[in-house]
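Each structure below appears as structure tokens.
Each of the next two complexes has subunit A plus one other chain: subunit B in the first, subunit C in the second.
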Partner chain A sequence: MAGLPRFLAGRLIKAIVILFAIVVINFLLVHAAPGDPAMVMAGEAGAADPKFVEQLRQQFGLDRPLLEQLATYVSHVATGDLGFSYRQQQSVWDLLLARLPATLVLTLTAFVFALVVGIVLGTLAAVRAGSVSDSAITVLALLAYATPIYWVGLMLMLLFSVQLGWLPAFGYETVGGGLSGFARMIDIGEHLLLPALTLGMFYMAVYARMTRASILEVRDMDFVKTARAKGLSHGAVVVRHVLRNAILPVITVAGVQAGHLIGGSILIETVFAWPGLGRLAFEAVLQRDYQVLLGIFFISSVMVIVFNILTDLIYSLVDPRIDLAR
Partner chain B sequence: MNAVAVSSSSAPSPVTAFPNRQPLLDVRGLSIALPPSADRELAVDALTFTLNPNEILCVVGESGSGKSMTAHAVMGLLPVPSVRVAAGALLFKGNNVLTMSEPEQRALRGGRIAMVFQEPMTALNPLMRVGDQVEESLRIHTDLDRTARKARVIELFAQVGLPNPAELVRSYPFRLSGGQRQRVMIALALACEPDVLIADEPTTALDVTTQKQILDLIRSIQAERQMGVMFITHDFGVVAEIAHRVAVMRHGKLVEIGTADEVLNRPSHPYTRQLIASVPHAMGDRPPFTPSGEPLLLAEGLHKTFHVGGGLFKKGKEVTAGKNISLTIHPGETVGLVGESGSGKSTLGRSVMGLMKPDSGRLLYKGTDLLSLDRRAFRPFRREIQMVFQDPYASLNPRRMVGEIIAQGPIAFGEAPAQAMARASDLLAMVGLDASAAKRFPHEFSGGQRQRISIARALAMGPSLLIADEPVSALDVSVQAQVLALLDDIRHRLNLSMLFITHDLRVASRVCDTIAVMQRGSIVEMGPAAEVFGNPQHPYTQSLIDAIPGRGWEIPADLSHGEGVSA
Partner chain C sequence: MRTVQTSQRRYRDRLRHLLSASLMAAALGLPVLSGAAALSAAPALAADQPARGGTMNIIVQPEPPILQLGLNQQGPTQTVGGKIYQGLLTYDKQLKPLPSLAESWDISPDGLTYTFHLHKNVKWHDGQPFTSRDVIFTTTKFLPEVHSRARANFARCESITAPDDYTVVFKLKEPFPSFINAFEVASAPIIPAHLYDANTDYKNNPANATPIGTGPFKFKEWVKGSYIHLVRNDDYYKPGLPYLDDIYFRVIPDAASRALALESGQVDQSQYNDIEPFDVARLKSQPNLNFTTDGYEFVAPVSWLELNNRNAPLNDKRFRQALMYSLDRQFIRDKIWFGLGQVATSPINSHTNNFEPNLPKYTKDVAKAKALLDEMGLKPDANGVRARIRFLVMPYGETWQRLAEYVKVSLKQVGVEVTLENTDVAGWVQKVSNWDYDMTANFTYQYGDAALGVSRTYVSSNIRQGVMFSNTMGYSNPKVDELFASAAKENDPVKRQALYSEVQRILVDDVPVAWLLEMQFPTFVSKKFNNVITTGIGVNESYESVYMTKR
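The block that comes next holds the complex of A and B.
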């Protein structure tokens, strides 16, 4: 792993370049969209006369040329200042930091669930290819793959919260429950279960299908024959030789999709009233809260980049042929 | 003149029968059934033979003869249920392997009976250290503790001649060359001191000098441990090098079995005779080639360096594929470019085709420097220079009918479709195929037939120069002989020049007028074929010729003219 520091340094430089591009493009895109926060605010205040709007514009710097606004924004971001939300009367950083943990808990849980269950189901299906359990898993995966996730969320909510009453229907934790320590974690866990399941379902299906296909391909490779010729049992051949090789493409795809999960969480957080970044984004869009929106874009870009670097690192651990120094 | 030099160096004494000892393997009436969709019912049909301790039995046959299936059945590696043993018994030291429980079979597999496969590049798990892969076998079959197992693996690596074993055990397969990987496979097979070693074409994928080393290794280890070795091959040169006894299989049936001397020097079955006649050997009656007229192709001082790896922050490695390559091809001449993998022999062919641009040098075709042309200016030369590729399974578009494949090039150059299709039929006849082939798809043909189609496709353009890159390497030996004869015939009839790229000196000796031997990007020796083979000057050429398997064996005189060969 002599190449690790060099690899990380290289990726860091690339990441900064990419982030700069993302900040600029996002800024321009947001400003290209119709609607102006000053108009919206003035409209809400019931005082949409041009003078007031002009005053708001001046206050927020919206009257300056776009390039100047861009330069100001970029220089602020470079110093770690993501701006101030006049709607919420809070700095964007504080808003993001308050919402980030909830989103991370939700997306990571969904991701781990999707990966573990997907790989296990895919393996079972592949090992018994052509059997009833294979067909059942394939159909299940197809359903999870094809069903819109918000609908799945609503149905799960109906079943487990409304009909059966087993799990809470929305929120991050029981409001006013006064719980702390372990009891609070259990409470959060109960709230987490349905949204995480809903969010992870689609990805679980993707990983199950990929794992199955990949195992069926690897299973016929020469080194698997070598492993069998050693006298290894069927299970040992699958776990030690087939699965390790079959999982490589799944890791690649999972790494790319880990970033997508944040996008997916916007819907889920809205359906389950989960107080995370996704819902913040939803609200910010409705309110034309540019600063918050840009902050969310920025944070999710950072997360995608971090996930990609992590994927490369994991890949190099699993596959010795990948030389990070190259 | 039939020398019985069955084995050249470190000769193990040919083993006679062991009347008082039980055979290691006793195969009785073995039949292996194929799935209903296959082209025949049985892959192996009532096969009976024995393998004795301390002998090497070569099982010879072409693809589809059932020789690998038999080995897989012994190892319990048949892809059941689609392929299964339909009848017969497989006795290992008197016990029927087929009726054993799965755990009993597993104890045999890798323990008492071990196997080495054909393709060393893919036979090892790419994600596991090679030492661990060998150790895994010791863990299953022995009581050794971890330390003892590690020590044993290092010992095994040393025995199979791997360099620096204590460090090599920690390498991953991709760091090792093909020959080294095959040594690892052999170490793996030997780990538990098996009674029977099954080697399924273990040297087919290797370069000729590496092949010699691996054959020597198998032979010496066999003699030392007095193992029974079932050695599967299609190459009678290899048979002559290593076999004590020989079994010849065709279409799943045993056609002939006997001692190496009997089968190699006095083959009785017509099929054996045909196979031996097909073994590539220099045609003594080839008239020496006298160049006339201006050279067709003149390569001068070609250089090509590849940059491997590298990126934003690191400089890559440089690999020299061509170093000052100069070579001349006259009209009607066949120049053989011979070398081992990585010697750069494909570089020249690809440069002439315009598929690759050398870094420097000149490449004159009828006086025009091809390297100075841009894409448009090069286009007329595409007609003149055509290529036949190595893999007939990958080089024909599977979605096109054969006639279209052949006519496509001429049509692209403006020939009327009807005329081009008519010519395609003529060309099919010329390469020995029925005109009806034009309306069929490539998958309906065998490998040899597809290579004929590839040749017809190349000829359709009316080329002056044919570049054949390993055109027979993927073919069975009897088919190989036919395709070589076809190429030789066509180039005489059409007065074609040919650049014939091959790793197989025996093949080169059969069709080439001039031989150029390449090593590490340079041509180390070049001259008339008879001289290069008869009196090699460069040490590398000598080592290549020494490594040709079965050099001590001369094909029986009545078979040495390569005639009487039919499909």
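The block that comes next holds the complex of A and C.
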């Protein structure tokens, strides 16, 4: 592990270069879309006039040359200032921080659910390859993978909220309930269940399929045979030898997907009225709220980079043959 | 302490209650009450005894960018802001003015002087007294700076003065009888002078974050992305009102989820486009909901296919008439809007003042459409195509997409090939306002009056590039300009109607746009709430007299 600091320093430098490129490219892409926030706000007002639109453009700084706007933006980001949303009359950091907890709660719950259930189901299926339970798990995974999550969300809502009345249909918590402490956590949990299940289902299917395939590949390798020949129990062979090796590709995919979860949560956040970053991003696109949109791109880029570094670290823990220093 | 029971729990209790009632009835050999009968019995008994208390949950979609009603007039801002702020007047369903902050008003016989007498015991939510100073500040400084519709109206005034604290006098430069229709809460919300007149940068005033009005409900809290919370104004100037303790506006971005939230009883009201037309029939049969299309008389929009009058062949009146003959608008109303609205026969909605009922009507007639195209010399080519036009799909949801597909199929029958182009709202506004389209769909609110909400679409002085909801078609007819101008200042109602009738006749012949429907919006309200839709501004009303039926 002596190479760890060097590894981290190297990755950090790369990350900064990548982030700079992302900021510039995103800025140009966002501004290439037709229409600007002044047009959108003018359109919404129902009866805009040129004076109003001009006022807005000046206020947003949209009347200045694009490169000048870019230079201003990059210099602000470099000092940690993500800008101000004139539309929402709030700093971008405040907006993002207000929405981040909801998204993290949703995506992390879904991610852990998907990873744990996916790996367990995949392992069970592989261990009993060809059996009825293997077929059942395979069919289930295929269904979960192929069904649009939007539809799954609505069906779960219809069943558990409208028909059975067990769970709330939407929102983050009961408003006006005046709950606090543990009661509030339970309340948020009730609201979280359906969206997390819906979001997690798709990824669960991916991990189950990958785990199964990977275990089937690993279980016939020589070192597994050796372990069995040593007289190790079936469970010990599966968990300590087969799974440990089979799980590497699952970690790779999970690492990449963890960063994507923000994007994946846009639909779920919309269906369940979950007040997270995904929805903020979607609305920012429609409203051409440039600063907010760029802020969200920035945050999610940082998350992808961080998750990638974490994935590499976890690699070296799971498989000591991988040396980060090289 | 008052315990707040969530609607979720109430729904569960109700289900349990119904279930046990049914079981008991079955055990006793009685006929089982249907859910509908059991639920509607209670409100009928208590309907005439309004009582304090209750929480209302209303859908708000999209989430407003800001609640300061002077600075933003988007529909959702009006629905929320209409409970916080007030105008001098409001309007009944026939668009007759009703008192709001003004308790009475007089109009001089020459139509030049409008005198408003204000309520005397009104306070702002921060405790400051409301006086004529606030009205003067709002109508001479604040609104002319930030509210384009109000700016146009108050620019007609030679002077706006306050002889005392409770009287305001508007003197017009020339008669403008529509002036009396421009005072509801979204057209001219009265803003507290004491919070705004010190700093003229109104858009960035910190007070915008915590709106202070005179209305029956006060702003309490806004959790962005989740809800806006308003609470009862205990110092409201009408004793005993409002009845409700608080109102939550809930943000639910997905249309299907909104329908489910209404069905499950977690929200009590939806309005405007919250529910897609294809879901309306299903929700109408829900035993817990009342349905109405009333309350939109003031906005009363007409929808149309917007035609760029600059581009060939759309620059030829005969081509535009042929379009009208190619469309089965009854089909559009029945199958695309699922029965919401009615076929438009004039540029003016029949709910709007000065509508003319006796106009030539267009019905689908493919032969007539083809004859007009033949007359223009547009003969079918080898593929049967006479002309090609682009249709920029209006990005306001699935119904408008279906409309575009229907138009494409209909026009193909007369040999006009339509290419559909898709974009989002920002792209649509950009293209339409810069005249970069052949055909799109559009609608505008009419604000109860042709001079306030209709003429702007057709007069040539309103051809302004880059400005949405102006005369973006580029239609220009000097006779139409002159008639609209004369009608706007005609004080005699009979002569005014004659002028408006004539302009409607010319427009229907010229077809600057292909009118579709007098639009209707569905409002669903939980049967627990009474007195909800009472005027022509419907869901944007103050809700001072809305009350909840106690079970």
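Heads up, the rule we're going with is that the second predicted complex is superposed on the first by the 324 of 326 C-alpha atoms of A that agree within 3 Å, B and C clash if a C-alpha of one lies under 4 Å from a C-alpha of the other, contacts with A are read in each partner's own complex, and residues count from 1 in each chain.
Keep in mind that, in the parts below, a residue touches a chain if its C-beta (ideal position, glycine included) is under 8 Å from a C-beta of that chain, and two chains touch if they have at least 3 such contacts.
Remember, predicted model here, so these are calculated numbers, not experimental data.
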item: Which of subunit B and subunit C A:Leu154 touches, first, second, both or neither; value: second
item: Subunit B versus subunit C as contact partner of A:Phe170, first or second or both or neither; value: second
item: Touching partner for A:Thr252 - first (subunit B), second (subunit C), both, neither; value: neither
item: Residue contacts on subunit A - larger count, subunit B or subunit C; value: C
item: Partner chain in contact with A:Pro320 - subunit B first, subunit C second, else both or neither; value: first
item: Contacts of A:Lys225 with subunit B and subunit C, given as first, second, both or neither; value: first
item: Subunit C to subunit A touching residues, read off their complex; value: 4, 6, 8, 11-12, 15, 55, 62-63, 65-66, 72-74, 146, 148-149, 151, 203-204, 208-209, 223-227, 229, 246, 248, 250-254, 256-257, 260-261, 263-264, 266, 423-431, 433, 444-445, 456, 464, 466-469
item: Residues of subunit A defined as touching subunit B within the complex; value: 6, 9-10, 14, 221-223, 225-233, 240-241, 244-245, 318-321, 323, 325-326
item: In the complex, subunit B residues that touch subunit A; value: 75, 77, 106-111, 114-115, 117, 119, 122-128, 133, 136-137, 140-141, 172, 174, 185, 188, 309-314
item: Of all residues in subunit A, those that touch subunit C in their complex; value: 33-37, 39-53, 55, 59, 87-90, 95, 98-99, 102, 154, 157-158, 161-162, 165, 168-172, 174-178, 270-273, 275-276, 279-280, 282-283, 285-288
